[in-house]
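Look for chain A in each of the two complexes below; its partner is chain B in the first and chain C in the second.
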Partner chain A sequence: MVFFLFQVLVGLIMVHLARLLMKNYHGGHVAIRFALGGCANRPYFRIVAAYNKRARDGKYLEQVGCYDPLPNSHNEKIVGLNIERLKHWIGCGAHVTKPVEKLLGFSGLFPLHPMTITNAERLRKRRALEAPATSQEETPSD
Partner chain B sequence: MAAPAGGRFGSGLMLPALRRCWAPLRRPPLLVPARGRKSRFDPPAKSKAGRVKLPPPVEPAELLVVAERYRLYRLVLHALRTEFKEEVMQKSREARLAKEYGKEAMEEHQALMAWNDAENARLRKKREERLRREEEELQDRKLQGALNHARLMEEFLKQKEQEVLQLQEEARNFITPENLDERIQECLDNPRNYNFAIDKEGRVVKRSVLS
Partner chain C sequence: MAALGAPRCLWRCAAAPLGLPRAGRALAGSRGHGQDAGSEADKKESHATKPCFTDEAVQSLLYKMTGLDLQKIFRPLKQELKPPTYKLMTESELAEATRKAIQEAKELLKMSPVLSEREPIDDVLAEDRILEGTETAKYVFTDITYSTPHRERFIVVREPTGVLRKATWEERDRMIQVYFPREGRKLVPPPIFKDENLLTVFREDRHEDILNLCIAQFEPDSANYIRVHHRTYDDIDKHAKYHLLRSTRHFGGMVWYLVNRKKTDGLLIDMIQRNLMDDATCLVSLYHILHPDCQSAKAAKDQVLHGVDLIKVFMKTESNRIGYIELALQAYQEALASSAAL
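Coming up: the complex of A and B.
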């Protein structure tokens, strides 16, 4: 009987102490970003909604997708996205980091990122400059 | 080139980036390297003695293009964020109302909203119909007014022409300095008597003693 009462009391106290053990953030915000996992020479990213000040691979609020940067046997890079939860977090005011923005631009949820277009243009220009240079090198050698 | 471009874009973030075009000429080399294996009190290595670190070069034309792309991108993103926020609000509102009032009340509310929308659509159609008819009538009246005006102008011009022709006709009989002598002679040669007598029955007598 006494033991039972003691257990009830401890339960009540721990309920109120647990709130104090939780981390309180001041002025932080939620960010949707990459959390790196995998092994040596084998990266793997989880797209994660986490508080800004948390460690990169630390405790997160919710996993919202995944991204495998290494291409598979069909030369594809796999990306998984939970669009509904993404929309929910962005509607709650989460910030989105640049790599995630670029991925979402490729997926179609966001428009294509400006730097994606700019880098593609720069690459094209560089290849156009290199192609005549190499052809000029080949023809005198012949 | 930076000054005129900076005049319009300088208020944004472009002017600092534009300054990087002249960075190789103007900026002093950075002396504090980024942290890594060494702490901030360790001296830099001897191989890095004459190293000059410069930021990446920037082309002004490309920068303008990229700035415009970013502006449009941020516009779209802001709109998307507003949209998602609205969805979240809607969901939370529905959950709260469902918890408070129950499912039947929610369905009734939805039915009423649908009815309201239908009413609005119907009234809008009526209003648009009325406006279109009024517009047409206005156009008709304007046209009529223009035609009337044209007709009146035509009549006025015709009248004036008539008057001018009449005057020209009368001008033939005017007395001018050239005709003066002839006319005087004519008048003196043909004396005219304007006297006449009339009685109460209305019988006129032109012949008199003087003529």
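Coming up: the complex of A and C.
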């Protein structure tokens, strides 16, 4: 009888001690972001739901996808997205970082990111300026 | 710089599920599971349209013709070397073991599905021409949710031109193999399935092996699967090597193919020569189910024929090689008469 009470007390204390040992974040939030892996000159990203304050490649809550930035033999960049879990984390209030937003904009899950469109237009303007510049260079050389 | 167009946040609603075009038989990637579920729906269809591979009557006929040669089914497969186990059994235990072996053999003989070729997918979800020239490679997005069936999985491709389209069947198969690899299936189909290499396989009489490889590698409604199967069946018919596939699970498919194209003569002769009269009558009745408008079918219905008479009527009206079949029938009847006399 006494031994039983002793065990219950020890259990309660250990739970509180364990709580103190766990990492607590004050004002942190969950983020869906890229975690870099792979080798030298060979990046590979895992799309991961992790606490904001954690290291980039550190402990995460859940892996929600993967992205291979190098094109394969069919000239494809392969992206895998666990849509169900992604929607769950976004529903729980996770923030999504800009690169992941841009990638999801390409996929069609999110609308196209404004910076994607801005960069596309800037690139187009730069190329339009360069084209007459090169044609002017060619005519004097003839 | 607002986003173009309405936000397509949940394109699950917009994109129609990528199911099979006909009466939704969901084949979850494994062989033979759809048949039992689909046969009821097909029975209703068959009264209106032509009979299907999965009809119960058709399946029972094909199964009878396949035969149940236990020695061939359970012949040693190329596996790791294990010394044989010997068991001491009573008569009743032996009967029980044989019964279990027959049940296992029936499982192994489950016919692989025969489907028509799948229609190519070309569905554009979005056109964002503004992205043209920004990227050099395509992006292939696969939904890796574990619980969705592979046929309903969303796989989309964003081209360098900015067009967001659904992936083609080949891209789908490749991506699903990357994320959910299946045993025996390679990412790139091996060169053995090319036409010129198939000839080498046929020369060595390894039709069954190539058909097993084909089932492991390709989806049942893909063009490659159908092409390899048809080439194999044509070669077997050309050289009359029907015995290679008898008592395997490919026999039913082969008979269905031959009866649909009315090339049944060689098979009929082979059956009569091996004294498989029941199989021959099954073959003729299957022919009548599939082609109910032919002369012999009408004659059979009028006169209610059985056995050898059925084959004779069929032979006179439908076959091209009447002489050979007559000779074979004669030889069979002489053999019967002599064995009866003995």
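Everything below uses one rule, namely that the second predicted complex is superposed on the first by the 121 of 142 C-alpha atoms of A that agree within 3 Å, B and C clash if a C-alpha of one lies under 4 Å from a C-alpha of the other, contacts with A are read in each partner's own complex, and residues count from 1 in each chain.
Just so it is clear, a contact is a pair of C-beta atoms (placed from the backbone, for glycine too) under 8 Å apart; a residue touches a chain by one contact, two chains touch by 3 or more.
These numbers were taken from a predicted model, which means no experiment stands behind them.
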| item | value |
| --- | --- |
| Touching partner for A:Lys53 - first (chain B), second (chain C), both, neither | neither |
| First, second, both or neither for A:Pro111, with chain B first and chain C second | both |
| Partner chain in contact with A:Lys98 - chain B first, chain C second, else both or neither | neither |
| Winner by number of chain A residues touched, once chain B and chain C are compared | C |
| Chain B versus chain C as contact partner of A:Ile90, first or second or both or neither | first |
| Which of chain B and chain C A:Glu76 touches, first, second, both or neither | second |
| Touched partner set for A:Arg127, first chain B, second chain C, both or neither | second |
| Chain A residues contacted in one complex by chain B, in the other by chain C | 109-111, 113-114, 117-118 |
| Residue ranges of chain A in contact with chain C within the complex | 65, 71, 75-85, 103, 106-114, 116-121, 123-124, 127 |
| Interfacial residue positions of chain A with respect to chain B in the complex | 87-88, 90-93, 109-111, 113-115, 117-118 |
| Touch list for chain B against partner chain A, complex | 62, 65-66, 69-70, 72-73, 76-77, 80-81, 84-89 |
| Chain A-facing residues of chain C, complex | 1-5, 7-12, 125-126, 128, 130-131, 133-134, 136-147, 154, 156-158, 164, 175, 178-179 |
